[in-house]
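The structure appears below as structure tokens.
Just so it is clear, A, B, C, D, E and F label the chains in written order, and each chain counts residues from 1 on its own.
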Amino acid sequence: MSGMFGFGRPQPSSAEKIAAAEQEMDLVTDMFNKLQQACMKKCVPKDYREGELNKGEGVCIDRCASKFFDVQMKISELLQAEAQAKGATGGGFGVGGL
Amino acid sequence: MSGMFGFGRPQPSSAEKIAAAEQEMDLVTDMFNKLQQACMKKCVPKDYREGELNKGEGVCIDRCASKFFDVQMKISELLQAEAQAKGATGGGFGVGGL
Amino acid sequence: MSGMFGFGRPQPSSAEKIAAAEQEMDLVTDMFNKLQQACMKKCVPKDYREGELNKGEGVCIDRCASKFFDVQMKISELLQAEAQAKGATGGGFGVGGL
Amino acid sequence: DGLTAAEQREFQSRMERKQMKEFMGMFSGLVNHCFESCIDDFTTKSLVQRETGCVTRCVKKFMAGSERIGQRFQEQQAQMMQQPPPGR
Amino acid sequence: DGLTAAEQREFQSRMERKQMKEFMGMFSGLVNHCFESCIDDFTTKSLVQRETGCVTRCVKKFMAGSERIGQRFQEQQAQMMQQPPPGR
Amino acid sequence: DGLTAAEQREFQSRMERKQMKEFMGMFSGLVNHCFESCIDDFTTKSLVQRETGCVTRCVKKFMAGSERIGQRFQEQQAQMMQQPPPGR
């Protein structure tokens, strides 16, 4: 990743900064898609007899999204705890503040 | 990669043309895979008691493909109509003539 | 990117070697994910009443993995045979020794 | 910050490609979902009226759901920005 | 048009990679599908005869279906080229 | 072999990105799977105790299964290295 000449980190190159930003965008997109799929599946019947979201479906989606975030957070904590238990050195992984 | 000297938009660079062509190929591939999966699921039973497509399955696949294209077209029109209703400026989005 | 001066095929460029190595890694990753998903689905009930893999689940996973590899191998052979029957010239395709 | 003009242009063009890719992914997911949900009659080659209606409602409902989920998603992202990550 | 020799070579090599990727995707999808459909007995470590037979037929049928769908797909793509997109 | 220092650096950085991507894929797959399996009650906005417990066990079991499958996978990869591919 760095250390052209083995000494120092020669700035995180802008190509690298771009790559990191892109990866984060990809994770957010992926999560959004998974959330949408999961909550449409849990809350909206597939027979499509009406085109509007009715009130019950809307409320269900709100709660579903909220629980999805909770699960994300919970799993992020579990993975961080496990990484620490394994004695992972350094700042540890775990997806940001997810 | 392009625009070495940073002044002006120096033609849509060939790298960009390549990227656009690749993206179109990706969409076509993706659609083909989705179509295949959907129509195998709708038309071919999963017990695989025979290795040939029988006549009924073949006819089903033809109709299934045809309806898949219709749905693609229909949804493309709906999205374009919605984009126009929202007053999207310019040529609008919507996947080509799909 | 390579072959700056466009004459001759100047060694399979290192960029190409990297790309090939990456593709192989991607296939291995993809296969691992598919295997995991398939065998978790076949061997582990989704109600999660306990957090440990019990003995039966462990044995099931071992056999499931073994059969997954067999299916991989079998399908690889079938595709190679078909490619040869079609008179595909050259070393043929088929995913390596899979 | 710290990007040359050429790099900025490259970055922007990649972001545009990414957005295009996301749009295409959404489109193909929508086609797939509404086809799966609405089409089950293979005695005809063209969509029958019932199917066309179902697809139309499916798209409408999908967009409405998508928008609503998008709002929740943004609220949550904003909230996360304010809180520092736990356990650091 | 307008590509230098080096760019053409780069383009070609990307297309080859993309084809390889598509082939790999097809392969892994096929393995997944036929495994899912044919394997359900985990009392043995190796495939039993019934399973091997099922996998063979699964691959054969998948290829036949794929070819047929490919034909319909090409016809439709060709047709789309002739018609200008609607509403322009 | 045959890579310049700059190319090696580029290669390594791509591998790191790929690993990060794989980790993220695993994370998002895990969230998706455990959410699907454990959450079915939308009368409340926050997780109830039963759901939290289920998610915890789901993650634990997934990791255990993943590790076990990883072992089988590595054994098989090692075995494949020794055998030359069939029919060459």
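Going forward, contacts are C-beta pairs under 8 Å (C-beta built on N, C-alpha and C of every residue); 3 or more make two chains touch, one makes a residue touch a chain.
Not measured: the values here are computed from a predicted model.
Asker: In this assembly, which chains make contact with chain C and also with chain E?
Answerer: Chains that touch both chain C and chain E, as defined above, do not exist here.
Asker: Going by the stated contact rule, which chains contact chain B and chain C alike?
Answerer: Looking at chain C and chain B together, the chains touching each of them are E.
Asker: How big is the gap, in whole Å, between where the Cα atoms of chain E centre and where those of chain F centre?
Answerer: 24
Asker: For chain B and chain D, what's the span in angstrom between their mean Cα positions?
Answerer: The separation of the two C-alpha centroids amounts to 15 Å.
Asker: Report the inter-chain centroid distance for chain C and chain D in whole angstrom, where each centroid is the mean of the CA atoms.
Answerer: 29
Asker: Residues of chain C that contact two or more other chains, please.
Answerer: If we look for residues of chain C contacting two or more partner chains, we find 26, 43, 62, 66, 98.
Asker: Quick check on chain E: which residues sit in contact with 2+ other chains?
Answerer: Correct list: 4, 10, 25, 34, 36, 38, 56.
Asker: How would you write out the ring, from chain B onward through chain E?
Answerer: B, E, C, F, A, D
Asker: Which residues of chain B touch chain D in their complex?
Answerer: 1-4, 6, 16, 19, 23, 26-27, 30-31, 34, 38, 42-43, 59-60, 62-64, 66-68, 70-72, 74-76, 78-79, 82, 93, 95, 98
Asker: Which bits of chain D are touching chain B when the two form their complex?
Answerer: 4-6, 9-10, 13, 17, 20-21, 23-25, 27-28, 30-32, 34-36, 38-40, 42-47, 51-52, 55-56, 59-60, 63
Asker: Of all residues in chain A, which touch chain D in the complex?
Answerer: 14-15, 17-18, 22, 25, 28-29, 32-33, 35-37, 39-40, 43-44, 46-53, 57-58, 61-62, 65-66, 69, 77, 80, 96-98
Asker: List the residues on chain D that touch chain A in their complex, please.
Answerer: Contact set of chain D toward chain A: 2-4, 7, 10-11, 14, 18, 22, 25, 29, 33-34, 36-38, 54, 56-58, 60-62, 64-66, 68-70, 72-73, 76-77, 80, 83-87.
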